[in-house]
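Common to both upcoming complexes is chain A, partnered first by chain B, then by chain C.
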Partner chain A sequence: MSNTLKIAKYQFFNVLRTRWVFVVFALFFFLTAVLFYFGENEAKVLVSLLNVTLIFLPLLSVLFGVFYVYNATSFIELMLTQPIYRSELYGGMWLGIVAPFVASFVLGVLLPFLVFGSWAGYAGAFGTLFIVGTALILIFLSLGMMFAIFAEERTVGMSLALLLWLALTVVYDAVVLYLATVFRDYPLEQPLIAAMFLNPVDLGRVALLLQLDVSALMGYTGAVFREFFGTSLGISLALGALLLWVSIPVFVGLKRFAHRDF
Partner chain B sequence: MEVGTTVRWLFSIALLIALAPESAQAARLVVGEEYSSIKAAIAAAAAGDTILITAGHYAEGPIHVKKRLTIVGQGNPVVDGAGQTEVFVVEADSVVIRKIVVQRAGVSFMQDNAAIRLEKVQHCVVDSCILLDNFFGIYAAESAFCIIQNNTLIAHSVREAVSGNGIHLWYCKGMIIRNNRIRGHRDGIYFEFVQSSLIEHNLSEQNLRYGLHFMFSDSCQYRWNTFRRNGAGVAVMYTRRVLMERNVFAYNWGPSSYGLLLKEISDSRIRFNRFIRNTVGIHSEGSSRIEIDSNLFQQNGWAMIVMANSEGLYIHHNSFIGNSFDVSTNSRQNFNRFAYNFWDQYKGYDLDGDGIGDVPYHPVRLFSLLVQQNPPLLILLRGFLIDLLEIAEQVFPVLTPETLVDRYPLLQKVVF
Partner chain C sequence: MIQFLNISKRYGQLHALKDITVSIEAGRITAILGPNGSGKTTLLKCLLGLVHPDSGDILLADHRVNAHPEYRQQIGYMPQIAQFPEHLTVGEIIRMMKDIRSDVTHYDEELFEQFHLDRELTKKSKELSGGTRQKLNAYLAFLFQPQIYVLDEPTVGLDPVASLILKKKIQKEKQQGKTIIFTSHILPEIAALADDVIFLLDGKLLFKEAKQVLIDRTGTKNLEEAIAEVLQYSGVEG
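Coming up: the complex of A and B.
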């Protein structure tokens, strides 16, 4: 286990040197600070952060996951000559990439908020934002690493990552919108809830909606969603789904990594 | 004698008469001392007398007041309908009822039992009473120029069918309803065929159905009231010349709950109100010629839903802040005017610096129309795809009403 942590530590500082995490930090820090600076209230800041968190954070994460593994090929080859398990190496790399990313996201939002914002009435919303953002980083970094492990060609891995991002942020919703329009005469609430579970971006968005748009969600249909996601069962299921979304790419990637020839 | 002196003399005499202690003619009857029951005291009293009810519990059925009396409680006497009957029935003009606790007017499916019923009277006052768990609280029928003020009405209704309204007026005019607190009834304040009345400084909350509900009640004014957490908000219908100002409509949440539902309201003015965290701020249906100005719409699901059968609404100088949807409608037709409002979702600019945005604002979003047609789609709110569709629609509108536009959007919120 200590091997994993050693590698993670090395990776952590290595990742800090790549400047990617500073892009994430700067993006969130300046966005939040500027929004507060121009006198926007907490709700408006949250809405803007929601869009960035749900769209750009997955994109940056998945691309970085892919890039990093490709750039670390010689490092991996070197490490594999050492007497350590491949799972330790993979786990160490994963931890070392994920930790600085999560830290830069959380700090990027938290610092300006502590300076300009007020917790009153928004603690739940910001807490949800941190959880959703962290989950998306974990999920998309893992997916990015997985793609890079599977595809030996750099361009293939990149394309797969971009395609997946596009699919989950735009195409998936378009398909849902289309199907919901075709089947509008049927009760759609339950199928739509199920559909949200299959997409981590949507799941994160719905979690934030419950904090931001509670008035609208108390309408007829909204109440159904709220009753589901508002219960402890709904929250546990949502967190469980996010956890599944993290663990599946990690395990699939690890399995492939354990057998791949470098 | 000079004319001036005569006038002064006459004036002094008039003043003496006016200020003469009433006890000179009017008697004071004390219930709890000389009279054991309120009914006995009323039977013994003459018009103009005062009945003082001392602290105690009086389980008396319907008490008919057919003389001009002032009935005052001392030390919160409790008059109890025991869940069977109505309690006070006022049938004479100029009766005053003050500082009495009236409770448990009985639920009935045959008649509208009330704690205090004003029946065909004028110039009566109900003041500072506490009405607990009554079927109806204060019920006025065919009465005029009465004042209902400073009362607290609390009921614990669970079902609409077996609950009555807090303050219920039927065929009244010139009434003043002021500074009452109403909670837990069916409708907090209910008007039918009420004319020229003033409703101010009341708090109506947590009622089963509507905080305020009126129909066919022309020329009434509603000011400084708060309506919050009512089952279905506030609904007003079939009325002309309504003035609503400085009221608060808040936390009216639910599938058919409205901050303010306007149904066939015309020639009215709604201004300086605050609509906060309602599922729908204002829902207008078949209404016409209403000036809606200087209101604040904050964090509602839908700030306004203006159905296409509304016309001549002039909506100006309102502030729309943090609403999920600003305006929604059900048609591409629009017969209402929006101007000089502040929209926090406005993304335009103001190059000439006159405080008015140079680019018009279209408050109806494509997605609000989609949700209108297919409510479960609400779950896609704030998605990236929806934002993309929104941009496409703004560039080339095919579904949203082109004429529903604010050509003079303000850049600063309106402060009042």
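Coming up: the complex of A and C.
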């Protein structure tokens, strides 16, 4: 087994025992179960889960990413004095924190769904929810780790993480909406699709909404989006964008980690 | 032999190490001392690859220390403060370190027994007292039987019994031809253990001398007085 996987294995168990992972699991488990229990159909459960996935999951992920690295500083020091490469340690830590988060999110939704829900007609929508949620966890955990590697001051790293979360979940939409209102006399579909790609939260939201009937309410713009995501090119581009959103913070964080003094 | 050649390091405004050239003999115990912030830990961290010096080279048995981590197989490091993953038990931490050091098959379990770490095996690392954590830390430094030990204030936080065990262990390793470098503020400890003394001041090397030579040269009775004498002579208070 490579050093990366060895480190990942022990970090996995370490992270799995934290409250954070339990909170993610409990939140999605109870939310999904309760929604089903009160007789909501699959579509309504999905819409409710959508907002928690898009707002709450990124917040928890980015904060944990930051916390984790700061708390591990002296452990990182100890590990780096072993005969291992820095990239092996970074990769091991990344895998070791990403895996329990993804597992608790997926299981939290999946378990109640298997009991109460039905795949018929909703496999695509739930599949999309899992992909979007997983992508957001990867993206925001990587961003959190990256901030903590760059900012040696705990408060600075934490502030940057919160600001980014706020920018991507709240401010970005407001700005896009404002611009869309100002330029409403122009054809905006293309710029809006472009704007969506610059924000993984928006990308996730649109991808999910299009799987549901509510997208019919979005009118002409909805139709343009639907057409776009209906093509394999559109789906590939969306997945590619999410992948880029994961790789860039991982790469930048690793680059800094490799050269930083501890 | 470990050679530091013209090592300099700046942290922004702070000039932590200023052109340090010094060598550490194999098979001897070398103590690094100096006031807080004099660069002791930074110098050790350069050797361990934790800190990248701005200039200068470090040679380990005539090989340049570089970005390849293999050279660290020869070094056992005990940091000043050890923190382990909070939710892992002592047993899991030990297993993890052994897993990572799969190049080693023979372990030195002496400190494990002497520190009674078997009583702590199922405890989570966050439940350990500072002293127990420091014992685990010391045990891990000796576990893989390296050729060189780098110990940063090794006895701080240990109770007198554990502290004595560790000092005996250090002397035993020296008799087996190992090289030991440690930092300390405790002069009697340095007097009892060290063969050579390196004194750092404001990131500069003030002197490196064999302990006995230092005492003889200053015409004093013991290390404590010798160091006081040198500091006075170089116009430095405490």
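Everything that follows uses one rule, which is that the second predicted complex is superposed on the first by the 255 of 262 C-alpha atoms of A that agree within 3 Å, B and C clash if a C-alpha of one lies under 4 Å from a C-alpha of the other, contacts with A are read in each partner's own complex, and residues count from 1 in each chain.
Operating definition for what follows: a residue touches a chain if its C-beta (ideal position, glycine included) is under 8 Å from a C-beta of that chain, and two chains touch if they have at least 3 such contacts.
Since the model is a prediction, treat every value here as computed from it, not as a measurement.
**Student:** In the superposed arrangement, which partner chain does A:Leu54 touch: chain B (first), chain C (second), both, or neither?
**Tutor:** Touch partner of A:Leu54: chain B, not chain C.
**Student:** First (chain B), second (chain C), both or neither: which does A:Ile84 touch?
**Tutor:** A:Ile84: touches chain C, not chain B.
**Student:** Taking the superposition as given, does A:Val206 touch the first partner, chain B, the second, chain C, both, or neither?
**Tutor:** first
**Student:** In the overlay, answer first, second, both or neither for which of chain B and chain C A:Val170 touches.
**Tutor:** Touch partner of A:Val170: chain B, not chain C.
**Student:** Looking at the overlay, does A:Phe225 come into contact with chain B only (first), chain C only (second), both, or neither?
**Tutor:** In the superposition, A:Phe225 touches chain B alone.
**Student:** After superposing on the shared chain, does chain C or chain B touch more chain A residues?
**Tutor:** B
**Student:** By the touch definition at the top of the document, which applies to A:Phe262: first (chain B), second (chain C), both, or neither?
**Tutor:** Only chain C is touched by A:Phe262; chain B is not.
**Student:** For A:Phe13, using the defined touch cut-off, is the partner it touches chain B, chain C, both, or neither? Pick first, second, both or neither.
**Tutor:** second
**Student:** Please indicate which partner A:Ala180 is in contact with in the superposed arrangement: first for chain B, second for chain C, both, or neither.
**Tutor:** In the superposed model, A:Ala180 contacts chain B only, not chain C.
**Student:** Does chain B (first) or chain C (second) touch A:Leu188, or do both, or does neither?
**Tutor:** After superposition on chain A, A:Leu188 lies in contact with chain B alone.
**Student:** Do chain B and chain C land on any of the same chain A residues, and which?
**Tutor:** The answer is that chain A has no such residue.
**Student:** Can you check the complex and tell me which residues of chain A touch chain B?
**Tutor:** Residues 41, 43-44, 47, 50-51, 54-55, 169-170, 173-174, 176-177, 180-181, 184, 188-189, 192-193, 196, 202, 205-206, 208-209, 212-223, 225.
**Student:** Across the complex, what residues on chain A touch chain C?
**Tutor:** Residues of chain A touching chain C: 1, 3, 6-7, 10-11, 13-18, 71-75, 77-85, 259, 261-262.
**Student:** Which residues of chain B touch chain A once you look at their complex with the stated criterion?
**Tutor:** 253-257, 277-280, 299-302, 321-325, 344, 370, 373-388
**Student:** Show me the residue ranges of chain C that touch chain A in the complex, using the header's touch definition.
**Tutor:** Touch list, chain C to chain A: 11, 45, 48-52, 69-73, 75, 77, 79, 81-88, 92, 96-97, 99-101, 103, 137, 140.
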